[in-house]
Structures are given as C-alpha cells and as structure tokens.
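Here come two complexes built around chain A, the first alongside chain B, the second alongside chain C.
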Partner chain A sequence: MTKRIVLSLAVGFLFLAGLLPLLLLLIQSVSEEGRLTFDAYRDLLFTKNQWILLGRSLVLAGLCALVSTVTGTTLGLILGKTDLPWRRTFTVLYALPLFVPPYIMAVSWFHILGREGLVRGLLGPTVAAVTSDWLLGLPGCVWILSSIFSPLVMLLTLAFIRGIPPRLEEAGRIVASWTGVLRHVTIPMILPAVMLSALLVFILTLGEFGVPHFLRYHVFPVEFFTQFAAFYDFRAATVMAMPLIGLTLMALAFERLCLRKKTYIIQSIGHGQRRLVIPLNRSRRVGILILVGTLSFMWTVLPLLTLLFESLSSSAYPRAWTLAGHSLMRSLVYSAIAATVLTMLGLLTGYLVHDRSFRFWMFLDSIILFLFALPGSVLGIGLILLWNRPVTQAVYASPMILLLGLVAKYAALTHRISVSTLEQIPASMEEAACMAGARWLRRFRQILIPLARPGLIVAWLTAFIFCMRDTELAMLVYPPGCDTLPVRTFTLMANGSSDLIAALCMIMVLGTLIPLGLLSLAMKGCWGGHVEYPISIRP
Partner chain B sequence: MKREINIALFCVFLALAWTGCAKRDRPPVREVVVYASVDQVFSEPILRDFEKETGIKVRAVFDTEEAKSTGVMNRLIAEKGNPQADVFWANEPIRAEVLKQKGIADIYRSPQAEAIPEIYRDPEGYWTGFSARARVLVVNKQIQDPPTTIHAYTDPKWKGQGLIANPLFGTTTVHIAALFSKWGDEKAMAFMASMKTNAVGVSTSNGESADFVASGRYAFSLVDSDDAVSRMRQGKSIEMVYPDQGPDEPGCLIVPNAVVLIKGARHPDNARKLIDYLLSPETERKLAFADCAQIPLHSGVEIPKEMKALEAIKVMRIDYARVAETLQAIQPYLKEWVGL
Partner chain C sequence: MSSIRFQSVHKILGDRQVLQDLSLEVGPGERVAILGPSGCGKTTLLRLAAGLIAPDQGRIEINGIPVAEDGRNLIEPEDRQVGMVFQDLALWPHLTVSGNLAFGLKVKGTPKQERLSRIHEMLQLVHMESRAHARPAQLSGGEQQRVALARALVLQPKILVMDEPLSSLDEDLRAELRSEILKWHREIGFTLLYVTHDRGEASTMGQRILTMKNGSIQ
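On to the complex of A and B.
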C-alpha cells in the first residue's frame, strides 16, 4: 500500500509539472474557436520544406549521437579502465564543455575558426576562409555538439564501469586477452549506459536550436522558433514540436529493441574489492596519452582558453561579478534544489519502470522522454498557460515555476540513470529483505538506496549540470528580477563587450565546477572506497 | 542514523536557501515590473537610474533583438489572462501594435509625449515612441561610388554584393512591411523577387550584416543605425549612408522604441511614472550617447557628432499601425521568400 501511495505521489507530481501543461497545449493545437480541427497538423504534413528540415535534423542528431557515443565510450574506457596517467585531470577537462550553454561554445569556436578568428592571425586569410566555411555548416555543428555531448557519454560510461564486478573480468582474463575481456565482458556490461547516452545525445541534438542557428545550418527547430518569433502562434509551435517527439519515440523503441533479451545483473563493488585496471605498456601509454591529450586540447582547452584570454581585461571580472553575482547564486540554489527533487523523483519513477509496479510503466517511461524531447520554449508556454492564474499566483510568481519546469524537462536524465542503476542491483537482495519481513519503505530506504548510491550521485550531478546551463526554458518562466546566470549571459551577449561575456562564461564554468568538486570530495567514500591498482593476469 | 541526519540537514539547508530566495523575491511595496526587448546592456542602466531617482524597485525581464524578442513577447501573450508585467519597453513599435491588437496594451497618454511628433505615437494612446534608430545602408569603405538607395539591391551593378538580415524577424521585417505598405503588394513583391535574382545574401541579424560588410564579404547592407555606429566606434572599415534622401526618393525609415502600459497592470501608478521617465528628453539624451546611439525624437536634445538629428534626415512617412497589419499579412510570403 505504502509503495503504491509513494509511487502515485511521484507520478502525480510529474503529471502536474509536465504532463498537464503539455496536455493543455495539445488540446489547444487541435481546437480553434471551440471546434475540433487538425488543420495545423495537415499543414505540417503537406509542406515539403519541413520534411527537408526534419531530414537535416535527423542527419545532424544521428551523426552527433554516433560521434559522441564512439568518442565518449572510448574515453570512458580509457579513463576508467586503464592506468593512463592524469586520468582525473582528463576527466575534468573533457567534462568542462558540458557545463557551458552550447551557444557559448559556438561563439568561442567562431572566434577561433571564423574569417576574422585566431586561425586568420596564425595561418592567414585563405586558411581562415576554408575553416570558416567548414565551421558554418553541418561539419561545424557536428564538431561542436559532439565536443559538448561526448562528456555525457564518457561520464555515464565511467559510472557504469565502476559497477562491474571485478570477478567477472578476472574470470575473463584467465581465458582471454584484455581485448577479449573488453569485447565480451566489459562493453556488454556497460551497453545500457552506452545506449542510454546515445539516446540522450540524439534527443538533445534533435532539439538543439542555438548552435545550428548560429552556424547557419537550418534544422527543424528553426520551424517552431519561427512560429514563436515571427507569428506568436503557440498552436503551430506545439504542432511543430510533434515530429521531434515522434523521432524521439522511434529512438526509444530502437534502444528497447537493442537491449531486448539482455539482462544485466551486476553486483556493486563492495568495500575492499579491487577494480581491475588495464596496464598499458610504455609505447601504448605514450600513444594514448598523445591522442587523449590532443583531443582534450582541441575540444576543451582551445575554446575555453580563447574565452579565458578574451576575459583577461582589468575590468571584465569585477564588472561581470557586479552584473551577475546574484544570478550565479540563484542558479546554484535553483539547480541544487531542482537536482535534489529530480534525483528523488527519478529514483521513484525509475523504480516504477524497473519493477513494473503499475501497468502504465511503459507509457510513463515514454512520456518522461517525450518531455525531455519537447523544446523548452514549448514547455515554458504550457507552464505559463497552466499556472499563470490568480489562484496559483504564489507558484507562478516565485521560483517554484522554474523548479516545476526543470523537473518536467530533465526528469528523463535522473529517471533513466535510475532505471539503469536499479537494473544492476540483484532482485535477490530486495527479495531476501522481503522474506525477512521488511516492509517496502524500509527495503527501499535500507537496501535499494544504499546500493543505488553511486548511480544516484551520477544522476544528481547530471541533473545539476543540466539545470545550471538551461537557458531556453528559464528564459520564458523566470520570475521578473530573478534571472539565472545563463539567461543573464545570453541577454548581455547582445551588444555586450566580448571581454564581459567571456568573463561571464568563465564564472559559469567555475560556478559549476567548484560545487561539483566540493561535492565529489565530500562524497569520495560513496563510490565504494576501494583501492585500485593495475594487475596483470596472463591467460 | 548519521546518514539520515545528514540528509535531513541537507534538506533544511535547501529549504533555508529557498526561503532566502523567496524572501528576496517577495515584492516590496513600491515596485514596477518591466519586460524589455531592448538589449539589456542599453536598457538596464536606464532602469537602474529610474530606481535611484524614484526609489521604485524595478523588476525586469530582458530579451534580446538577436533572439527576436521571442521570450518577452510570448510571455506577454501567454500571460494575457493574468498579466505579470506593468510596462513593455519594445525595441520597435510593431510589437507594441501586436500587443494593442491582441488586447494586451492599455491606453496611457504621457505628458512627456506631447513634444514627440505625432507620427511616432499611437493615435489612440496605446503606445508611444521615443529614441529612434534609422534604417541605414552600411557600406564598406573600400567601395568606390557607394550606393545611396535601397534600389541598389536590385541593381545588376551590385549583383551578389548586397546583404540583408533575415526579413522574417526584427526591424528588417518592419522595413519590408513598410515598403509593402508604401508601394503596394505588386511593386513590393517585384522588388523582393529582383533581390533574389540579384543574389542578395541573407544574414541572421543586422549585427552580423554589419560585421560581414566590415570584413569585406559584402559591399553593403541595410542595418539599424546603432549597428553601424557601434562598428564605426570600434574603428571598423565602414561608413553609414542614410538612404533615399533625394527629392523624389521616399526617405529613410525611422524605427523608434515604443513603450506600452500593460492592461491589468498590478502597479499602474508606478508603471506610468516609468513610462514618463522613459519618454523624457533626458532619457533620450542618455540613449543617444550610449553605444546604441539612438536618435532623440524630442527636438533640441544634445546628440553625439557622428549622428544626424531627426530634423536633418528625410524621413519615410508611414503609418505604423498599417505597417503592423501589413507585416502580419506578408509573413507567410516572407517565410516562403526566405525558403523556410
């Protein structure tokens, strides 16, 4: 009974935060002056140009998902399984682009590869013209978005690698080389994380408007932007979001198909257990180090260094702090609260899907991803239409409305990470507690939460990062006078001096990195407290 | 047990942090809520000065021209049933007209508006214009015999050398709608078709157009005067030409800011004080000397030397309300023209 009440409350909260605003918009999209009409949908289906744009979006999202998944998984394996030096430093370096709103990275790359950029000074105008043409189009979009989303794949891979029991790899090493163990043990074990991250990158790229717009590569999101910006037509904008959501559901079905009939019962590493590390010989170590170092320089150091140099004027940081200090504090508080709510909610909905507690588990799973795929501006309008009423003024006029929006938008992250985490916990643990007479709440609190702790920390960190960088949704629902740092940076970018903008970006990176660093220090023991060292077992 | 205590303490911390936020967010007695689509770097200092001078707290929601004011306009429309804003400071009068047509604007005739020419005011008092920008041609300095008319866009001499910002958005839409309203559909559509034939480039914004012209990729572009002045102040290789100033030519389009009182405003008195403040000659002087270099609509206001006073410019005579209607009618055509 308690289980049903708690899970129903979680579903109810999600319903209020995300589903109800969406339903309101969907109803509006099929009604005009009190009558049912599908005109807007018909117009969409019969316009050739929109299908072309949709195709371009699909190509961009597919390429980004492919590049990010291959690169992120490889990096995760290198940084999580080998004894490469400076692994932690590389992990942090690669993760940095994830902390910055994508359009800022695009601006930074424009300063490097544009016709007037760094390349012109170093290699001349002819090379700059070539790099600029390359940047302004599909290759530039794939390059920048992959550099931003690969860290997500890398971090999820790293988190899942930590959950692989050493005994499986040890057994594999008795009969096979490390290549064989990676192929037949490690990679299959982390496959749910790889598929999940590929799905997330696909959805994130599909809805991305800022980077393709800045790089003049027309994609489908430009359609609903046009409906908003030129026509102020909420109905058409909602309709325009539907194909993106359809593609998301197809990607979800593909993910389910790939993971069908596969079970991943993995035990968490206990205290005292040692994780196996692949020892690299000298030549491989140097080779991989050069490869990883070069990529991190190109993807992270170069664009962030450009921003850093741009920000190094005497007055930029004091001005940026005066203008945006309060916004940073607000961003930190809102994101911490939203990430905490999201982690709790994600664990409950993740449990519901994992346990199939309700018949509608598959619907819930789909609807959460549906909300993730929904453009932030569409969700924002839905929230305004639902909550901006005199009776709910206390919610709408406070940061609560932003919290509701963030929860609805990013529930997929914590929910899916929780599902994957719970899949790694053997059902026998909960069953044993049940046999011993422990009630559900106690089992949940004392068995599942402690075992899922590493996954929950990853979920919290992921949610925190995404809430910190959210611009599109926050832009529409932040209470007057209470903007967040990404919103303030975005609004100051228009005609603001470049050193000020660069300083704001650096403050944003540090503002995200410092609390994350402090948290990971405080939570160091939560990963299992094991000692890792390279071991070498010859078959 | 220790873990539970830690979790409880963390929750208490979050709750306190939230309460702290909420306390700051609680509206003080004297406040005004303004939504601004004028770039924050230009509008925020003016609003801070208003706060200092009146003691009325300003709570603002900002947007940018670059983002085509998507945020504030859609917020204002979605909030119609329960408005949160008291004042809308628009970067051009067409958005103000849209609000009037959607029943979101209220009437207010500010005493400060009396000295502003009638053409820049809504006859019914729903919006009032102030501090304008001119739609000018920005021309690369290397160009010999630079164009002086917007017809250069259709002149084969300039084939492939003209650039225009996306006409679906912002002041460029206003400009095209003004041409449709002045010339009629047939002539305006022929002009647009000729632009396509003459390989006119399309950029994402006026700022980008000015940058492309400065870098030499294009010879000229129609932009807002503030985009031209800011690049000239940065020492870029461009000059500003007020187009169509000849005796038989239509003149230069003037795009003023517009301020609107929102219907059902929660702080109407403070809203009127802010509107009076924005429409004052002193605010116009500040906006003229700021980097946005806007032209005062009050006569006799001091301006920087690189700007022309309104009286020295041959102005295109248009009815902004009619332009707003035309704009909505031609949007599907413009969408097709752009290729979306």
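On to the complex of A and C.
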C-alpha cells in the first residue's frame, strides 16, 4: 500500500510539473474567449513562411543527426574498441561541448570565424567575410550543433560497446579478422543504440533555439520564441508549439515502435572480464591519433581557448562577477535543489518502470522521454499558462516555477540512470529483504538506496550539470530578479563588450566543468561507489 | 514446524505455463527434495511458497490457513514466517555478516540484547563467529553459503525453502555443508523444501524426493 501511495505521488508530481502545462497549452490553442476555434491553426497551416521555417528546422535537424551520428559512432568505436593512446582524455575533451549551454559554443565560433574574428587576423578580411557568411547560416549551425551533439552519440556508443560480453567478440575473432568482427558482431550489436542516439540528436536539434538565434538562422523554435518573448503573442506561440510537440511525438512513437524492442539494456560486463581491444599498428595509430586529435582541437580546445583569450582583459572578470555573481550563485542553488528532487523522483519513477509496479509503466516511460525531448521553451510557455493566475502567484513569482520546469524537463536523465542502475541490482536483493519481513519502504530505504548509491551520485551530478546549462526554459520562466547565469549571459550578449561576454561564458564553462570532474570521479568508483556482489549473479 | 499444501496450482510466467495443476503436501518438520531439469518449475514452486509470486489458479495453505489463492496473496511474504536461501544467496553487499543477520531481527523489533545474542548464537552454529564484521565480498564461497543459511535461520522460520543453494560450490564443500544443514535441521527443526538438479544431493537432503517435469510433479 505504501509503495502504491509513494509511487502515485511521484507520478502525480510529474503530471503537475510537466503534463498539465502541456494539456493547458493544447486547450489554449483551440479556444478563444471560451469557444472552440481552429482559426489559429488555419493561419498557421496557410502561412507559407511557417512551412519554410518548419522545412529549415527539419533540414537542420536531419543534417545535424547525420553528421553527429557518423562522427559520434566513429569516435565511439575508436575510443571504445582500439588501443589508441589518451583515449580517456579524448573522451572528456569531446564530451565537454555537450555539457555547456550550446550558445556558448556559438559565441566562441563567432570570435573565430566572424568578420572581426581570429581568422581575420590570420588570413585577412576577405577570408573572414567568407567564413563569417558561412558561419551565419545553415553550415555554421550544422558545424556547431554537430560538435555539441556528436558526444551524445559517442557516449551512448561507448556505453553499449562496454556492455558487449567479450565472449561474443572472441567467438567472432576465431573465424574472422577484427574488421569482420566489427562488421558482423560489434556494429550490429550497437546499431539500436546508434539509431536511438541519432533520433535523440534529431529531436534535440529540432527544438534548439540558442545557436540558430545567435547565428541569425531563422528556424521554427526561433520564430516560436520571438512570437512569445518579443510580441507577447500568447496564442500564436501556443499554436506554433503544436508542430514541435507533434514532431517530437512522432519521433518518440518511432522510437517506441521500431527501436525499443531492439535496444538492449546497458549492462556493465562482469568483474574480471576484460574488454577486447583492437591493437593498432604503428602507422594506423599515428594516422588515427592525428585525425582524432585534430577534430578534438577544432571542436573543443580551439573554441574554449578562444573564449579564454578573449576574456583575458584586466576588467572582464571583475565586471562579469559584479554583473553576474548573484546569477551564478542562484544557478548553483537552483541546480542543486532541482538535481536533488530529480534524483529522488528519478529513483521512484525508475523503480516503477523497473518493477512494472503500475500497468501504465510504459506510458510513463514515454512521457518522461517526451518531456526531455520537447523544446524547453514550449514547456516554459505551458508553465506560465498554468501558474500565471492570481491564486498561484506564490509559484509563478518565485523560483518554484523554474524548479518545476527543470524537474519536468530533465526527469528523463535521472529516470533512465535509475532504471539502468536498478537493472544491475539482482531482484533477489529486495526479495531477501522481503523474506526477512521488511515492508516496502524499509526495503527501499535500507536495501535498494544503498545498493543504488553509485548510480544515484551519477544521476545527481548529471541532473546538476543539465540544470546548470539550461537556457531556454529558464529564459521564459525565471521570476523577476532571479535570473540564472546562462540567462544573464544571454541577455548581456545583446549589448555587452566581447571580453565581458567571453568572461561570463568562461565562468559558465567552469561552473559546469567542476561538477563534470566530480562526475568522472564518481563514475570511476570513488566514494565507495563500486558495489561488488558476492558471486557472479548478473544475467 | 509447519505444514505447507499446494492445491491444483497453476502459474503462467510471460507466455509460458510454468506450473499446471500442481498439488503437493509437506508435513511439519518434513524434508522434501524437489528434483527436475532446468525450466521445469522448481524455483517457481519455491517462490510461490515464499509468497514472492501468487498462483494464477489454485490455493496454497500453511498450517491449514490459506496464504494465497487464485491470483493473489492473502498473506504477504514478510508475514508468512517462511525463510528462503536464494540460488545467488542474495547477501546484501553493503552490510557486514552480522548486519545481514541483524536486518530481519531489527525489522521484527527484536530488542538489542536479544538480537545480539541470537546473532552470536547463529554465527557460532555456522562457525562464522570470527567473520561477523566482514563484508560478503570478503568471504569465500562456502562462508557466503553459511551466512546465507544463518540469515534465513536466525529468524526462526517455520518453513525453510532452499533454491539450489550449493550449486556454485565444489564437491567437498557441498558434502560438508549438506551434512551441516541436516544437523541444523535436527537441532532447530523446520520444514524443508530443497530444490536441486543433483540426484545424489536430493537423496541426501530429502526424506521424500519429488521429481518435477513440465510444471507438475511426476
């Protein structure tokens, strides 16, 4: 009984934070002064410009998904399967752009390829004019967003490669070369993960606002945001949210119908089993090292170094601290609170899905993923619609609305980490506690939570990083005087000096890098994070 | 000591009929060994007795009191006074040996002094008193086996179900532990349902040997 009550409360909270705002958004889009109307949809459907914008968004999302998938999978295979030196360093370097607000990468590339950028100093104004035109358009958006989302594909590929039992590849090696094993064993086994990550990149790019807005490439989310933020046209914005919701739903339906059954559960291989690595000969090692090193320099080191050098003026950091110090503190506090709530909520919903506690577990799983995939700005408008009422001002005018939004948006992260963690704990652990007479809450508190501790630490830090970098949602719902660092930086970009903006971006990057360092420590098994089961019990 | 009775029990797991029309009665203090090939439903039978799953049809009684009937548990596992030794032992890795034994006693609200003395007594019985503060990962296979048995026995269950508990051990250790389990059975007295796929082990452990095939007793 307690189990059902606690899990129902978790589901109810998620409904309130994420689903109810979207339902209100849907109702708002088809009603005007209390009557049912589809006028706004008709306007949307018959406006050529909207179709052009939607087409641009789809092209951008498709190209980014393609580039990210090819690059991310290749990197994942190289870093996960070969004996290339400095694999861990490269993995961290490639992963960095994923963990900072996307527009920061756009800012740094503007400092490199813009008319007044690094290229002008090195190659002259004519070349800079060409690179600037290239940057402020589709190619620039694809280049930057691919550098941000390729790590997602790479990390998922790495995770799945690490889950392949070595004996399967060994069985292949007896009859085939490594090329054959990769083609017929390894790649087919990770293919569902690759397809899933391609789909995720597609959805995330589709809703991306920061980079196209900064690079002045007009796509659907930019128009949607402008309708709301600049013209405060609530109805137009809610109607424009519908195609984004529809496309996200279609992509998730595809994932559910076509990929879910093929996606294997990520499981770490048993202790004592070593992953098989492909030994590279000297010439291949040098060649691949140059390629991987050059790309990591281009995608991560160069943009961050440019920002760093741009920010190195005597007054930039003191000014940045004066203007945004409070915002940084708020970001840290809000992210810590949201991450704590997310970790608890994720563990409960993860348990619900793992245990199939309710019949609607699959629906809940899909809803959580849907909320993550949905553009933050759409969720933000839904939250404003729900809470901007005289009786709910306590929520609307306080950081509570932002916390609700962050919890709804990022529940998928802690939820999926919890599901994976719980999958690794043998069912007999909880059953043994049950046989010892412990009721559900005690089993949950004293057996499952301690066993899931390493996963919970990773979940907390992942949630913290994503809450720290959130821009789109925070931009819409932050209460007056309570903005976060990404929002403050974004707003100051309009008229701040370039060294100040670069300093703000560097503070933002550092604010993310420190937790990221902690995350890598946690994943290495610090703080007793590694739980050893007494005998081999993993299936 | 308690009796347990299965009456026309059916169980489907996924799309497979695991048990069909199974009836079985085990008397108080009796030792019954259940023998059969993999997938014949032995473990499912034990999990039904423990209450970890409920029968789709049929009834299970303990001491004449119905504990599960037609798709639902009438008495939850934590209230059945059934002990279980799992095939993978399921020792909690974050607790010490004495912590593993203390958990169930704490749940039942046993006073601290009594709890400590029962843990000490039980660890003496299984010759593990010197390893009370070790974690499961620091124990050998045989030691882990003893702790799992001690954890089940410290709660003084009326019925003990054991799911191939010795399958991961070498032959010498198995023989030693078999004779110790029989000794503990004589000293403590409990009804034993012992699942194995080893015919020799079944004949040592069971006063009665039942063979299962395709979800029913032959």
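Convention: the second predicted complex is superposed on the first by the 357 of 539 C-alpha atoms of A that agree within 3 Å, B and C clash if a C-alpha of one lies under 4 Å from a C-alpha of the other, contacts with A are read in each partner's own complex, and residues count from 1 in each chain.
Assume a residue touches a chain if its C-beta (ideal position, glycine included) is under 8 Å from a C-beta of that chain, and two chains touch if they have at least 3 such contacts.
The shown structure was predicted, so the numbers you read here are calculated from the model rather than taken from an experiment.
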Note to self: Output check: A:Val333 vs chain B and chain C. Expected answer is one of first, second, both, neither. What do you get?
What the structure shows: first
Check: Which of the two partners, first being chain B and second being chain C, lies in contact with A:Pro426: first, second, both, or neither?
Finding: second
Check: After superposition on the shared chain, which partner residues are touched by A:Leu118: those of chain B (first), chain C (second), both, or neither?
Finding: neither
Check: If you stack the two complexes on chain A, which partner ends up touching A:Leu289: first (chain B), second (chain C), both, or neither?
Finding: neither
Next item on the list: Answer with first, second, both or neither: which of chain B and chain C does A:Leu492 touch in the superposed model?
Entry: first
Margin query: After the superposition on A, what does A:Leu451 contact: first (chain B), second (chain C), both or neither?
Written below: second
Next item on the list: Tell me which of chain B and chain C touches more residues of chain A.
Entry: B
Note to self: Quick check on the superposed pair: does A:Val222 touch chain B, chain C, both, or neither? Answer first, second, both or neither.
What the structure shows: first
Next item on the list: Check the residue A:Ala436 against both partner chains and state whether it touches chain B (first), chain C (second), both, or neither.
Entry: second
Check: Can you pull the chain A residues that chain B and chain C both touch?
Finding: none
Next item on the list: Show which residues of chain A lie in contact with chain C when the two form their complex.
Entry: 426, 428-429, 431-439, 442, 446-447, 450-451, 453, 531-535, 537
Check: For chain B, which residues count as touching chain A in their complex?
Finding: 10-11, 14, 17-18, 20-22, 25, 33-35, 39-42, 58-71, 73-75, 77-79, 81-82, 84-85, 98, 168-169, 173, 204, 207, 211, 215, 217, 226, 230, 291-292, 331, 334-335, 339-340
Check: Any idea which chain C residues touch chain A in the complex?
Finding: 50, 52, 77-79, 82-84, 86-94, 103-104, 107-108, 136-137, 139, 141, 144, 151-152, 155, 168
Notebook entry, point to check: Once bound in the complex, which stretches of chain A touch chain B?
Noted result: 49, 53, 115-116, 213-214, 216, 218, 222-223, 225-226, 228-232, 234, 330, 333-334, 336-337, 340, 377, 381, 384-385, 388-390, 393, 396-399, 475-476, 478-483, 488, 490-496
